[in-house]
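Lettered A, B, C, D, E and F in written order, each chain numbered from 1.
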Amino acid sequence: MALDLDTGLPSTRQIQTIIREETEVEMKLTTGDVLTGKVRWQDTHCICLLDPHEQPTIIWRQAIAFIKPKL
Amino acid sequence: MALDLDTGLPSTRQIQTIIREETEVEMKLTTGDVLTGKVRWQDTHCICLLDPHEQPTIIWRQAIAFIKPKL
Amino acid sequence: MALDLDTGLPSTRQIQTIIREETEVEMKLTTGDVLTGKVRWQDTHCICLLDPHEQPTIIWRQAIAFIKPKL
Amino acid sequence: MALDLDTGLPSTRQIQTIIREETEVEMKLTTGDVLTGKVRWQDTHCICLLDPHEQPTIIWRQAIAFIKPKL
Amino acid sequence: MALDLDTGLPSTRQIQTIIREETEVEMKLTTGDVLTGKVRWQDTHCICLLDPHEQPTIIWRQAIAFIKPKL
Amino acid sequence: MALDLDTGLPSTRQIQTIIREETEVEMKLTTGDVLTGKVRWQDTHCICLLDPHEQPTIIWRQAIAFIKPKL
(Lines give C-alpha, C1' and ligand atoms only; values in the text may rest on other atoms or scores of the structure.)
Protein backbone atom coordinates (compact mmCIF):
# COMPACT_ATOMS: atom_id res chain seq x y z
CA MET A 1 0.00 0.00 0.00
CA ALA A 2 2.91 2.34 -0.73
CA LEU A 3 0.65 4.73 -2.57
CA ASP A 4 1.78 8.30 -2.61
CA LEU A 5 -0.46 11.31 -2.47
CA ASP A 6 -0.91 12.70 -5.96
CA THR A 7 0.23 16.27 -5.43
CA GLY A 8 -1.10 17.20 -8.85
CA LEU A 9 -4.70 16.80 -7.73
CA PRO A 10 -6.62 19.95 -6.75
CA SER A 11 -7.89 18.28 -3.58
CA THR A 12 -4.39 17.30 -2.44
CA ARG A 13 -3.01 20.73 -3.25
CA GLN A 14 -5.81 22.59 -1.48
CA ILE A 15 -5.36 20.50 1.67
CA GLN A 16 -1.62 21.27 1.44
CA THR A 17 -2.46 25.00 1.26
CA ILE A 18 -4.74 24.64 4.27
CA ILE A 19 -1.85 22.98 6.16
CA ARG A 20 0.72 25.59 5.14
CA GLU A 21 -1.51 28.58 5.87
CA GLU A 22 -2.78 27.02 9.12
CA THR A 23 -6.35 27.74 8.09
CA GLU A 24 -8.98 27.00 10.70
CA VAL A 25 -11.28 24.39 9.14
CA GLU A 26 -14.50 22.59 9.85
CA MET A 27 -14.72 18.89 8.97
CA LYS A 28 -17.97 17.01 8.74
CA LEU A 29 -17.68 13.27 9.17
CA THR A 30 -20.01 10.53 7.99
CA THR A 31 -20.74 9.88 11.67
CA GLY A 32 -22.30 13.32 11.83
CA ASP A 33 -19.44 14.67 13.96
CA VAL A 34 -18.23 18.15 13.12
CA LEU A 35 -14.59 18.70 14.09
CA THR A 36 -12.80 22.02 13.94
CA GLY A 37 -9.13 22.89 14.06
CA LYS A 38 -6.06 23.09 11.90
CA VAL A 39 -4.87 20.35 9.56
CA ARG A 40 -1.35 19.21 10.51
CA TRP A 41 -0.72 16.54 7.87
CA GLN A 42 -2.42 14.33 5.32
CA ASP A 43 -1.47 11.00 3.83
CA THR A 44 -3.28 8.54 1.58
CA HIS A 45 -5.29 7.07 4.46
CA CYS A 46 -5.75 9.86 7.00
CA ILE A 47 -5.88 13.55 7.77
CA CYS A 48 -4.64 14.81 11.13
CA LEU A 49 -6.53 17.65 12.77
CA LEU A 50 -5.25 19.68 15.72
CA ASP A 51 -7.94 21.00 18.02
CA PRO A 52 -7.62 24.44 19.71
CA HIS A 53 -5.66 22.76 22.55
CA GLU A 54 -3.18 21.31 20.01
CA GLN A 55 -4.53 17.79 20.61
CA PRO A 56 -4.25 15.66 17.48
CA THR A 57 -7.09 13.61 16.01
CA ILE A 58 -6.27 11.13 13.25
CA ILE A 59 -9.25 11.01 10.91
CA TRP A 60 -9.69 8.28 8.31
CA ARG A 61 -10.43 9.65 4.84
CA GLN A 62 -13.28 7.20 4.32
CA ALA A 63 -15.12 8.90 7.17
CA ILE A 64 -14.79 12.43 5.78
CA ALA A 65 -17.82 14.00 4.14
CA PHE A 66 -16.46 17.49 3.61
CA ILE A 67 -14.00 20.11 4.78
CA LYS A 68 -14.37 23.87 4.57
CA PRO A 69 -12.73 26.97 6.01
CA LYS A 70 -14.27 27.94 9.32
CA LEU A 71 -15.92 31.32 9.05
CA MET B 1 -2.70 7.33 -6.71
CA ALA B 2 -2.02 9.32 -9.86
CA LEU B 3 -5.35 8.31 -11.34
CA ASP B 4 -6.80 10.71 -13.84
CA LEU B 5 -10.45 11.47 -14.28
CA ASP B 6 -11.80 9.50 -17.21
CA THR B 7 -13.19 12.30 -19.31
CA GLY B 8 -14.93 9.78 -21.56
CA LEU B 9 -17.39 8.83 -18.82
CA PRO B 10 -20.85 10.44 -18.94
CA SER B 11 -20.66 11.26 -15.22
CA THR B 12 -17.31 13.06 -15.60
CA ARG B 13 -18.49 14.93 -18.66
CA GLN B 14 -21.76 16.02 -17.09
CA ILE B 15 -19.98 17.35 -14.01
CA GLN B 16 -17.62 19.20 -16.39
CA THR B 17 -20.66 20.74 -18.11
CA ILE B 18 -22.09 21.73 -14.73
CA ILE B 19 -18.75 23.44 -13.92
CA ARG B 20 -18.50 25.22 -17.28
CA GLU B 21 -22.10 26.42 -17.30
CA GLU B 22 -21.97 27.38 -13.61
CA THR B 23 -25.19 25.50 -13.00
CA GLU B 24 -26.67 25.85 -9.52
CA VAL B 25 -26.79 22.32 -8.10
CA GLU B 26 -28.06 20.47 -5.08
CA MET B 27 -25.89 17.73 -3.60
CA LYS B 28 -27.18 15.16 -1.18
CA LEU B 29 -24.53 13.55 0.99
CA THR B 30 -24.58 10.22 2.78
CA THR B 31 -24.60 12.21 6.03
CA GLY B 32 -28.01 13.54 5.03
CA ASP B 33 -26.64 17.02 4.41
CA VAL B 34 -27.97 18.83 1.36
CA LEU B 35 -25.51 21.37 -0.02
CA THR B 36 -26.28 23.85 -2.77
CA GLY B 37 -24.01 25.97 -4.92
CA LYS B 38 -21.87 25.84 -8.01
CA VAL B 39 -19.26 23.18 -8.71
CA ARG B 40 -15.83 24.76 -9.13
CA TRP B 41 -13.70 21.67 -9.83
CA GLN B 42 -13.65 17.89 -9.58
CA ASP B 43 -10.82 15.42 -9.27
CA THR B 44 -10.69 11.68 -8.62
CA HIS B 45 -11.21 12.11 -4.88
CA CYS B 46 -13.27 15.25 -4.39
CA ILE B 47 -15.73 17.76 -5.80
CA CYS B 48 -15.49 21.40 -4.74
CA LEU B 49 -18.71 23.33 -4.25
CA LEU B 50 -18.94 27.11 -3.90
CA ASP B 51 -21.77 28.33 -1.74
CA PRO B 52 -23.69 31.54 -2.57
CA HIS B 53 -21.04 33.54 -0.65
CA GLU B 54 -18.27 31.97 -2.81
CA GLN B 55 -17.04 29.91 0.15
CA PRO B 56 -15.55 26.61 -1.01
CA THR B 57 -16.44 23.23 0.46
CA ILE B 58 -14.30 20.25 -0.52
CA ILE B 59 -16.56 17.21 -0.64
CA TRP B 60 -15.23 13.66 -0.75
CA ARG B 61 -16.78 11.56 -3.53
CA GLN B 62 -17.41 8.64 -1.19
CA ALA B 63 -19.82 10.84 0.74
CA ILE B 64 -21.89 11.90 -2.28
CA ALA B 65 -25.25 10.25 -2.80
CA PHE B 66 -26.47 12.36 -5.71
CA ILE B 67 -26.24 15.68 -7.50
CA LYS B 68 -28.94 17.41 -9.49
CA PRO B 69 -29.64 20.84 -10.96
CA LYS B 70 -31.35 23.10 -8.46
CA LEU B 71 -34.81 24.03 -9.66
CA MET C 1 -9.74 5.26 -13.96
CA ALA C 2 -10.60 4.37 -17.55
CA LEU C 3 -12.53 1.33 -16.43
CA ASP C 4 -15.25 0.23 -18.76
CA LEU C 5 -18.55 -1.25 -17.72
CA ASP C 6 -18.40 -5.02 -18.05
CA THR C 7 -21.34 -5.61 -20.33
CA GLY C 8 -21.11 -9.34 -19.69
CA LEU C 9 -22.29 -8.94 -16.11
CA PRO C 10 -25.97 -9.63 -15.38
CA SER C 11 -26.25 -6.42 -13.35
CA THR C 12 -24.87 -4.28 -16.19
CA ARG C 13 -27.06 -5.99 -18.75
CA GLN C 14 -30.21 -5.67 -16.68
CA ILE C 15 -29.62 -1.97 -16.12
CA GLN C 16 -29.09 -1.65 -19.88
CA THR C 17 -32.44 -3.37 -20.45
CA ILE C 18 -34.08 -1.01 -17.96
CA ILE C 19 -32.60 1.93 -19.92
CA ARG C 20 -33.65 0.59 -23.32
CA GLU C 21 -37.18 -0.34 -22.26
CA GLU C 22 -37.59 2.90 -20.28
CA THR C 23 -38.82 0.94 -17.29
CA GLU C 24 -40.06 3.02 -14.37
CA VAL C 25 -37.84 2.08 -11.42
CA GLU C 26 -37.53 2.72 -7.73
CA MET C 27 -34.06 3.24 -6.28
CA LYS C 28 -33.31 3.04 -2.59
CA LEU C 29 -30.18 4.87 -1.52
CA THR C 30 -28.02 4.33 1.54
CA THR C 31 -29.22 7.75 2.71
CA GLY C 32 -32.70 6.29 2.97
CA ASP C 33 -33.93 8.31 -0.01
CA VAL C 34 -36.20 6.52 -2.45
CA LEU C 35 -36.00 7.96 -5.95
CA THR C 36 -38.26 6.99 -8.81
CA GLY C 37 -37.97 7.54 -12.52
CA LYS C 38 -36.33 6.17 -15.62
CA VAL C 39 -32.66 5.35 -15.94
CA ARG C 40 -31.06 7.36 -18.72
CA TRP C 41 -27.46 6.10 -18.58
CA GLN C 42 -24.99 4.25 -16.40
CA ASP C 43 -21.22 4.34 -16.21
CA THR C 44 -18.71 2.83 -13.80
CA HIS C 45 -19.26 5.56 -11.20
CA CYS C 46 -22.84 6.72 -11.57
CA ILE C 47 -26.36 6.02 -12.71
CA CYS C 48 -28.50 8.86 -14.05
CA LEU C 49 -32.19 8.89 -13.20
CA LEU C 50 -34.79 11.07 -14.88
CA ASP C 51 -37.68 12.09 -12.67
CA PRO C 52 -41.24 12.41 -14.05
CA HIS C 53 -40.43 16.01 -15.09
CA GLU C 54 -37.38 14.79 -17.08
CA GLN C 55 -35.03 16.35 -14.52
CA PRO C 56 -31.78 14.36 -14.26
CA THR C 57 -30.25 13.20 -10.99
CA ILE C 58 -26.71 11.79 -11.09
CA ILE C 59 -26.49 9.08 -8.44
CA TRP C 60 -23.19 7.65 -7.25
CA ARG C 61 -23.12 3.84 -7.30
CA GLN C 62 -21.64 3.67 -3.81
CA ALA C 63 -24.85 5.23 -2.48
CA ILE C 64 -27.19 2.74 -4.15
CA ALA C 65 -28.73 0.01 -2.01
CA PHE C 66 -31.12 -1.45 -4.56
CA ILE C 67 -33.13 -0.85 -7.69
CA LYS C 68 -36.38 -2.51 -8.71
CA PRO C 69 -39.15 -2.01 -11.22
CA LYS C 70 -41.84 0.29 -9.89
CA LEU C 71 -45.11 -1.56 -9.55
CA MET D 1 -13.99 -4.11 -14.50
CA ALA D 2 -14.21 -7.54 -16.09
CA LEU D 3 -13.68 -9.22 -12.77
CA ASP D 4 -15.12 -12.65 -12.47
CA LEU D 5 -16.66 -14.12 -9.38
CA ASP D 6 -14.13 -16.35 -7.65
CA THR D 7 -16.07 -19.59 -7.49
CA GLY D 8 -13.46 -21.04 -5.17
CA LEU D 9 -14.52 -18.75 -2.33
CA PRO D 10 -16.87 -20.18 0.32
CA SER D 11 -19.08 -17.09 0.13
CA THR D 12 -19.50 -17.38 -3.65
CA ARG D 13 -20.15 -21.10 -3.45
CA GLN D 14 -22.70 -20.78 -0.67
CA ILE D 15 -24.62 -18.11 -2.56
CA GLN D 16 -24.52 -20.42 -5.59
CA THR D 17 -26.00 -23.21 -3.44
CA ILE D 18 -28.70 -20.82 -2.21
CA ILE D 19 -29.53 -20.00 -5.85
CA ARG D 20 -29.56 -23.64 -6.97
CA GLU D 21 -31.64 -24.89 -4.04
CA GLU D 22 -33.97 -21.87 -4.23
CA THR D 23 -33.56 -21.31 -0.52
CA GLU D 24 -35.76 -18.61 1.00
CA VAL D 25 -33.37 -16.04 2.46
CA GLU D 26 -33.42 -12.91 4.53
CA MET D 27 -31.06 -10.08 3.59
CA LYS D 28 -30.25 -7.22 5.89
CA LEU D 29 -28.99 -4.10 4.15
CA THR D 30 -26.89 -1.28 5.51
CA THR D 31 -29.96 0.93 5.07
CA GLY D 32 -31.69 -1.19 7.71
CA ASP D 33 -34.02 -2.75 5.15
CA VAL D 34 -34.69 -6.45 5.51
CA LEU D 35 -35.58 -8.11 2.22
CA THR D 36 -36.76 -11.68 1.84
CA GLY D 37 -37.02 -13.93 -1.17
CA LYS D 38 -34.98 -16.21 -3.36
CA VAL D 39 -31.64 -15.30 -4.90
CA ARG D 40 -31.80 -15.53 -8.68
CA TRP D 41 -28.24 -14.57 -9.64
CA GLN D 42 -25.09 -12.94 -8.31
CA ASP D 43 -22.26 -11.14 -10.05
CA THR D 44 -19.29 -9.16 -8.79
CA HIS D 45 -21.38 -6.03 -8.18
CA CYS D 46 -24.88 -7.19 -7.34
CA ILE D 47 -27.17 -9.92 -6.05
CA CYS D 48 -30.68 -10.25 -7.49
CA LEU D 49 -33.48 -11.21 -5.13
CA LEU D 50 -36.94 -12.34 -6.21
CA ASP D 51 -39.73 -11.44 -3.85
CA PRO D 52 -42.69 -13.79 -3.27
CA HIS D 53 -44.42 -12.23 -6.31
CA GLU D 54 -41.38 -13.01 -8.51
CA GLN D 55 -40.50 -9.31 -8.70
CA PRO D 56 -36.72 -8.81 -9.00
CA THR D 57 -34.71 -6.43 -6.86
CA ILE D 58 -31.09 -5.76 -7.87
CA ILE D 59 -29.10 -5.23 -4.68
CA TRP D 60 -25.61 -3.73 -4.68
CA ARG D 61 -23.11 -5.80 -2.69
CA GLN D 62 -21.77 -2.75 -0.90
CA ALA D 63 -25.18 -2.32 0.72
CA ILE D 64 -25.41 -5.89 2.03
CA ALA D 65 -24.78 -6.48 5.72
CA PHE D 66 -25.74 -10.13 5.88
CA ILE D 67 -27.77 -12.93 4.36
CA LYS D 68 -29.22 -15.96 6.11
CA PRO D 69 -31.75 -18.69 5.44
CA LYS D 70 -35.25 -17.63 6.41
CA LEU D 71 -36.55 -19.81 9.22
CA MET E 1 -11.22 -11.41 -7.80
CA ALA E 2 -9.23 -14.53 -6.97
CA LEU E 3 -7.66 -12.80 -4.00
CA ASP E 4 -6.52 -15.07 -1.25
CA LEU E 5 -6.67 -14.31 2.41
CA ASP E 6 -3.26 -13.17 3.59
CA THR E 7 -2.65 -15.64 6.39
CA GLY E 8 0.36 -13.64 7.52
CA LEU E 9 -1.85 -10.81 8.77
CA PRO E 10 -2.64 -10.67 12.49
CA SER E 11 -6.33 -10.09 11.76
CA THR E 12 -6.57 -13.14 9.48
CA ARG E 13 -4.68 -15.31 11.95
CA GLN E 14 -6.74 -14.23 14.93
CA ILE E 15 -9.99 -14.96 13.10
CA GLN E 16 -8.51 -18.36 12.20
CA THR E 17 -7.79 -18.95 15.90
CA ILE E 18 -11.35 -17.93 16.77
CA ILE E 19 -12.62 -20.46 14.20
CA ARG E 20 -10.34 -23.27 15.40
CA GLU E 21 -11.04 -22.73 19.10
CA GLU E 22 -14.77 -22.23 18.47
CA THR E 23 -14.70 -19.07 20.54
CA GLU E 24 -18.07 -17.45 21.19
CA VAL E 25 -17.86 -13.97 19.67
CA GLU E 26 -19.86 -10.80 19.44
CA MET E 27 -19.90 -8.93 16.14
CA LYS E 28 -21.04 -5.37 15.79
CA LEU E 29 -22.15 -4.38 12.32
CA THR E 30 -22.34 -0.96 10.73
CA THR E 31 -26.12 -1.40 10.73
CA GLY E 32 -25.98 -1.38 14.51
CA ASP E 33 -26.84 -5.09 14.70
CA VAL E 34 -24.95 -7.12 17.27
CA LEU E 35 -24.66 -10.78 16.30
CA THR E 36 -23.30 -13.51 18.53
CA GLY E 37 -22.14 -17.02 17.77
CA LYS E 38 -19.17 -18.95 16.51
CA VAL E 39 -17.25 -18.13 13.36
CA ARG E 40 -17.32 -21.05 10.93
CA TRP E 41 -15.25 -19.70 8.04
CA GLN E 42 -13.84 -16.51 6.57
CA ASP E 43 -12.91 -15.57 3.04
CA THR E 44 -11.87 -12.30 1.41
CA HIS E 45 -15.45 -11.06 1.16
CA CYS E 46 -17.37 -12.59 4.05
CA ILE E 47 -17.32 -14.12 7.51
CA CYS E 48 -19.83 -16.85 8.38
CA LEU E 49 -21.29 -16.87 11.87
CA LEU E 50 -23.24 -19.75 13.39
CA ASP E 51 -25.88 -18.76 15.88
CA PRO E 52 -26.62 -20.89 18.98
CA HIS E 53 -29.03 -22.98 16.86
CA GLU E 54 -26.27 -23.67 14.31
CA GLN E 55 -27.97 -21.43 11.75
CA PRO E 56 -25.42 -19.75 9.45
CA THR E 57 -25.35 -16.04 8.69
CA ILE E 58 -23.06 -14.85 5.89
CA ILE E 59 -21.77 -11.41 6.86
CA TRP E 60 -20.08 -9.10 4.39
CA ARG E 61 -16.77 -7.73 5.68
CA GLN E 62 -17.65 -4.19 4.61
CA ALA E 63 -20.48 -4.26 7.15
CA ILE E 64 -18.33 -5.34 10.09
CA ALA E 65 -17.36 -2.74 12.65
CA PHE E 66 -15.72 -5.00 15.20
CA ILE E 67 -15.52 -8.51 16.62
CA LYS E 68 -14.62 -9.51 20.16
CA PRO E 69 -14.82 -12.57 22.37
CA LYS E 70 -18.15 -12.78 24.15
CA LEU E 71 -17.66 -12.49 27.89
CA MET F 1 -4.25 -9.36 -0.55
CA ALA F 2 -0.66 -9.56 0.73
CA LEU F 3 -0.49 -5.82 1.11
CA ASP F 4 1.92 -4.58 3.69
CA LEU F 5 1.43 -1.57 5.88
CA ASP F 6 3.35 1.35 4.45
CA THR F 7 5.51 2.28 7.41
CA GLY F 8 6.54 5.47 5.67
CA LEU F 9 3.06 6.97 6.08
CA PRO F 10 2.48 9.40 8.95
CA SER F 11 -0.73 7.60 9.91
CA THR F 12 0.98 4.19 10.10
CA ARG F 13 3.89 5.62 12.06
CA GLN F 14 1.71 7.46 14.53
CA ILE F 15 -0.37 4.35 15.22
CA GLN F 16 2.94 2.49 15.72
CA THR F 17 3.98 5.15 18.26
CA ILE F 18 0.63 4.81 20.02
CA ILE F 19 1.21 1.03 20.21
CA ARG F 20 4.80 1.34 21.46
CA GLU F 21 4.02 4.01 24.06
CA GLU F 22 0.83 2.22 25.15
CA THR F 23 -1.10 5.47 24.85
CA GLU F 24 -4.70 5.34 26.04
CA VAL F 25 -6.82 6.24 23.02
CA GLU F 26 -10.40 6.95 22.10
CA MET F 27 -11.73 5.56 18.84
CA LYS F 28 -14.92 6.75 17.23
CA LEU F 29 -16.50 4.30 14.83
CA THR F 30 -18.89 4.94 11.97
CA THR F 31 -21.50 3.07 14.02
CA GLY F 32 -21.30 5.87 16.57
CA ASP F 33 -19.54 3.62 19.10
CA VAL F 34 -16.72 5.18 21.07
CA LEU F 35 -14.18 2.61 22.23
CA THR F 36 -11.31 3.35 24.58
CA GLY F 37 -8.19 1.39 25.40
CA LYS F 38 -4.71 0.69 24.13
CA VAL F 39 -3.86 -0.31 20.58
CA ARG F 40 -2.10 -3.68 20.54
CA TRP F 41 -1.49 -4.14 16.79
CA GLN F 42 -2.51 -2.87 13.39
CA ASP F 43 -2.51 -4.50 9.98
CA THR F 44 -3.87 -3.45 6.60
CA HIS F 45 -7.42 -4.51 7.48
CA CYS F 46 -7.80 -4.07 11.23
CA ILE F 47 -6.68 -2.39 14.42
CA CYS F 48 -6.81 -4.31 17.68
CA LEU F 49 -7.81 -2.43 20.82
CA LEU F 50 -7.39 -3.74 24.37
CA ASP F 51 -9.98 -2.53 26.81
CA PRO F 52 -9.07 -1.77 30.45
CA HIS F 53 -9.65 -5.47 31.29
CA GLU F 54 -7.16 -6.51 28.57
CA GLN F 55 -9.98 -7.87 26.41
CA PRO F 56 -9.19 -7.52 22.70
CA THR F 57 -11.54 -6.01 20.12
CA ILE F 58 -10.64 -6.40 16.46
CA ILE F 59 -11.86 -3.29 14.66
CA TRP F 60 -12.11 -3.10 10.87
CA ARG F 61 -10.43 0.00 9.43
CA GLN F 62 -13.41 0.78 7.23
CA ALA F 63 -15.45 1.35 10.37
CA ILE F 64 -13.02 3.81 11.97
CA ALA F 65 -13.88 7.49 11.86
CA PHE F 66 -11.08 8.80 14.07
CA ILE F 67 -8.64 8.01 16.83
CA LYS F 68 -7.21 10.41 19.39
CA PRO F 69 -5.32 10.27 22.67
CA LYS F 70 -7.67 10.00 25.62
CA LEU F 71 -7.35 13.07 27.80
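Going forward, a contact is a pair of C-beta atoms (placed from the backbone, for glycine too) under 8 Å apart; a residue touches a chain by one contact, two chains touch by 3 or more.
Computed from a prediction, not measured in an experiment: that's the story for all the values here.
Participant: Could you work out how many touching-chain steps separate chain E from chain F at minimum?
Facilitator: Step count on the best path from chain E to chain F: 1.
Participant: Between copies chain A and chain F, are the contact residues mostly the same numbers or mostly different, with half as the line?
Facilitator: Homomeric contact, different residues on each side for the most part.
Participant: Centroid of chain C to centroid of chain E, CA atoms only: how many Å?
Facilitator: For chain C versus chain E, the centre distance works out to 32 Å.
Participant: Counting in whole Å, what is the centre-to-centre distance of chain A and chain B, each centre being its mean C-alpha position?
Facilitator: Centre separation, chain A to chain B: 19 Å.
Participant: In whole angstrom, what separates the CA-based centres of chain A and chain D?
Facilitator: Whole-Å distance between the two chain centres: 37.
Participant: Could you pull out the residues of chain B that touch at least 2 other chains?
Facilitator: 3, 29-30, 44, 62
Participant: Spell out the part of chain E that touches chain D in their complex, as residue ranges.
Facilitator: On the chain E side, the touching residues are 1-3, 29-31, 33, 35, 41, 43-46, 48, 55-60, 62-63.
Participant: Would you pull the chain C residues touching chain D in the complex into a rising list?
Facilitator: Listed in rising order, the residues of chain C that touch chain D are 3-6, 8-12, 14-15, 28-30, 32, 44, 61-62, 64-69, 71.
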